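Each of the next two complexes has subunit A plus one other chain: subunit B in the first, subunit C in the second.
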Partner chain A sequence: MGAGHGHTLHYHGHSPVHRFPAHLKILALLAFMIVVVATPRDWYAAFVVYLLAITSVIGVSRVPPTYLLKRTVVEVPFLLFAVLLPFVATGPRTEVLGVSVSQHGLEAGIALLVKGTLGVLASLTLAATTEPQDLLLGLERLRLPQQLVQIMSFMVRYLDVVTDEMRRMKVARESRGFTARNPRHWPVLARSAGALFIRSYERGERVHLAMLSRGYTGKMPR
Partner chain B sequence: MTPVLDVRGLAYAYPDGHQALFGVDLHVHQGERVALLGPNGAGKTTLVLHLNGILTAGAGSVAVSGLPVEKANLAEIRRRVGVVFQDPDDQLFMGTVRADVGFGPANLGIKGDELDARVMRALERVGMEEYVDRPPHHLSFGQRRRVAVATVLAMEPEILVLDEPSSNLDPASRRELADILRSLDVTVLMVTHDLPYALELCPRSVILSGGTVVADGSTYDVLTDDALMKEHRLELPFGFDPRTMARPHD
Partner chain C sequence: MHVPDGFLDAPTSAATGVVAAAAIGVSLVKARKELDDRTAPMAGLVAAFIFAVQMLNFPVASGTSGHLLGGALAAVLVGPWTAVLCLSVVFLVQCLLFADGGITALGTNITLMGLTTVVVGWLVFKGLQLVLPKRLSLVPVQAGIGALVSVPVAALLFVALYAVGGTADIPLDNLATAMVGVHVLIGIGEGIITFLAVGAVLAVRPDLVYGARPVLARRELEIRTSTGAAA
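Presenting the complex of A and B:
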């Protein structure tokens, strides 16, 4: 989820974490996530160690903690799910603040919360300390197939262009008195989404022409 | 002398049957700067797409410095003809200015130090060398247009084809681009609706209308021929009259 808004997630700096090779950072993140997910949920001490590890990396990177915390809002939908778990799960019941909840659900909810937060923090730290371009180079060095890296790099390149087009369409709608207030307005939004899709498709064709004009023959030059 | 651009009897109909070009003849010689004028729908873009073989002639022929535009020659044709498209966001598709300017030469098989040198030389010619490691979407519109010009200069083309180079530029960027185009030692064919820009930069103008060339002469003469201009839906902007200024020496 970080890659989508690469540059707004990036925090410019020159710390050792910023300078660390991107492909090693990606591998480190992957390893960290696997270890966190694989840790049994009642090894509480282990989670404290993980949290210390990630906070010390953040400390070294000199990215302000508030910068990262603000961006952890992407986690909210998962948090809602975690909060629901104790109420919907079955099995032995237990009392929390006078409310009867499922013992299993409570434990699973807390584990989801802890593991999710650790993962989001680690991903945000990678995004904050690595330019999208370097991230792509890192993935390339990790031998991710060329086509996938190319698709991602076009995404990074055109994300701004497409969001800007989306914003202009919204302004145009609202300038003519339209705001989506209830589901009856959804067809208009759907048509806008369709128009945006067609515009992006046509842009893709024009980009392809521009590529052909500069000697593209189906393979990115190396 | 072999013209850089030699278009003879070029006709083309789109697959849906719409005929866009009806026998176009156009010769551009080395070192010339020529403006291609004409109303919307005259076939200007269609003509441009024939010059580097994106579209293939239905009838007639196109040759660039004697080399016919044919499937077998496409790689060399696309090196010789540098097309700068109207929207720089279409032209600049790589993640950094360096990768973008290097895209064309890299497709020609140039690598390493020589590629780097080409990229820097092209960027210096448009005054954008300090932006070499920036992503294109962080540049202003005028800067992106200049980098778009550099992307084709890096291929060391024999002719630069510009589609509406002054569109959407603020007056300062428009003048900066004019200074750059004047400083380049390269043949230019410029598609434009900006008639003062044509007069400023191009000694010669060609009017394409209804899929044929209807006028070909000095820009001053073309712009001051009121009957011709009116017939082909061309109008000078309010307050602009070439007759009130010194006649440019061709």
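Presenting the complex of A and C:
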């Protein structure tokens, strides 16, 4: 992945939200979510305010809402948990549509749904309006250890290369008539994972040697 | 499955954040011993590998599938300190670039799925290596058992965190039984796949497997000729 290419979630644009410094966006997201998480779950009015705040930011960013909504699927697994909560929690019972459920579980499930959805929407907005390079610079400005930022920048840079390598291996397997259907096919997939590790590691070694030959001394040039 | 925002209360999230930050701080210093100045590119590439391998789906039965967490696998392949860094970076990237896992739950996710799986997986692996005979063929088995144990332990720790900072009063013994029950099954999958994957790497590049180095160091050079093994 070269510079200038966005990652999968990035939505190219020139709005004030896109231009806003990345480190302030990260801090804003963190502060916003801490406030959301710390809000008692029966302050319904507060959650409406939060939702209005996040939708107005999305409005200013001019990222189409459908673009973000489609990507909220990442929260599906824990939605199931939220739906289960009213049935497994204890405490006083209440009736919803003729089914007896736990009062506390119901409240907790709704709170989880609301807070989790706000969190996913806010994170998606950050991801959609910030280039990975800006994000890395922002993290560096937030005094995240230099080394960690470097590791992350290498990961982000080679993420598409490695996942592409895996996709090619999948194409190669499938073009030979292989489809993984049950655990008996695990050895094939595990060997692919092993091969992917060796390829990634050797690529890392080549990258390191290339960097050494260009004068790398363990620190990135500023 | 990543813990979202609002699943645990603010103090618990903050506490796990401190644990994660401390672990990353120590790992940053110790990882230099495992990788010296290669740390940044190597750990970055291994993190990309972990991210990719988490997208590799393993079919279980009747249409369902699971994927690897990769904590124990990373610990055995590149060493525990580098593994902690790699997994932490993976969760950071998933949180900031893919909106997977809440930002306030980042510390919790790193502690549960990164730190715990690496530490437990590595300790079990090392413990077995001390007890069992030092043979190359046993390294994948030890790695697999480490991976198998690491997943239910992480699930148990999740239940403990939920007991401290959970937002709904679920009967804890039920939650513990359900979580550990499900995660023993997931752990078996994780264990088998880790076993197979470590075996695959060992067959091709045994020198790349960090956990196999003590075994390789004891191996003597064997010269094979057309007439058989020479003395």
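Just so it is clear, the second predicted complex is superposed on the first by the 216 of 222 C-alpha atoms of A that agree within 3 Å, B and C clash if a C-alpha of one lies under 4 Å from a C-alpha of the other, contacts with A are read in each partner's own complex, and residues count from 1 in each chain.
The criterion applied here is as follows: a contact is a pair of C-beta atoms (placed from the backbone, for glycine too) under 8 Å apart; a residue touches a chain by one contact, two chains touch by 3 or more.
In this text the structure is predicted, and so the values were computed from the model without any measurement.
S.K.: Once the structures are superposed on A, label A:S153 by its partner contacts, choosing first (subunit B), second (subunit C), both or neither.
M.R.: A:S153 contacts both subunit B and subunit C.
S.K.: So, does A:S123 touch the first partner subunit B, the second partner subunit C, both, or neither?
M.R.: In the superposition, A:S123 contacts subunit C only.
S.K.: Kindly classify A:V207 by the partners it touches after superposition: subunit B alone (first), subunit C alone (second), both, or neither?
M.R.: both
S.K.: A:Q133 contacts which: subunit B (first), subunit C (second), both, neither?
M.R.: first
S.K.: After superposition on the shared chain, which partner residues are touched by A:I198: those of subunit B (first), subunit C (second), both, or neither?
M.R.: second
S.K.: After lining up the shared chain so the two structures overlap, which partner does A:G215 touch, if you call subunit B first and subunit C second: first, second, both or neither?
M.R.: first
S.K.: Just to be sure I read the superposition right, which of the two partners does A:V161 touch: subunit B = first, subunit C = second, or both, or neither?
M.R.: both
S.K.: Between subunit B and subunit C, point out the one touching more subunit A residues.
M.R.: Greater contact footprint in residues on subunit A: C.
S.K.: Name the residues of subunit A shared by its contacts with subunit B and its contacts with subunit C.
M.R.: In subunit A, positions 7, 132, 153-154, 156-158, 161, 203, 207, 211, 216-217 sit in both the subunit B and subunit C interfaces.
S.K.: Considering the complex alone, what residue numbers of subunit A touch subunit B?
M.R.: 7, 132-133, 136, 153-154, 156-158, 160-161, 203, 206-207, 209-217, 221-222
S.K.: Can you list the residues on subunit C that touch subunit A in the complex?
M.R.: Against subunit A, subunit C makes touches at 1, 3-7, 9-10, 13, 24-25, 28, 37-49, 51-53, 55-61, 68, 77, 85-86, 88-90, 92-93, 95-100, 102-104, 167-171, 174-175, 189, 192-193, 195-201, 204-205, 208.
S.K.: Looking at the complex, which residues from subunit B come into contact with subunit A?
M.R.: 49, 52, 54, 75, 78-79, 81-83, 85, 87, 89-96, 102-104, 106-108, 135-137, 151-152, 155
S.K.: Which residues of subunit A touch subunit C once you look at their complex with the stated criterion?
M.R.: Touching subunit C: residues 7-9, 26, 29-30, 33-34, 36-38, 41, 71, 74-75, 77-78, 85, 88-91, 104-105, 107-109, 111-112, 114-116, 118-120, 122-124, 126-127, 132, 135, 145, 147-148, 150-159, 161-163, 165-166, 180-183, 185-187, 189-198, 200-201, 203-205, 207-208, 211, 216-218, 220 of subunit A.
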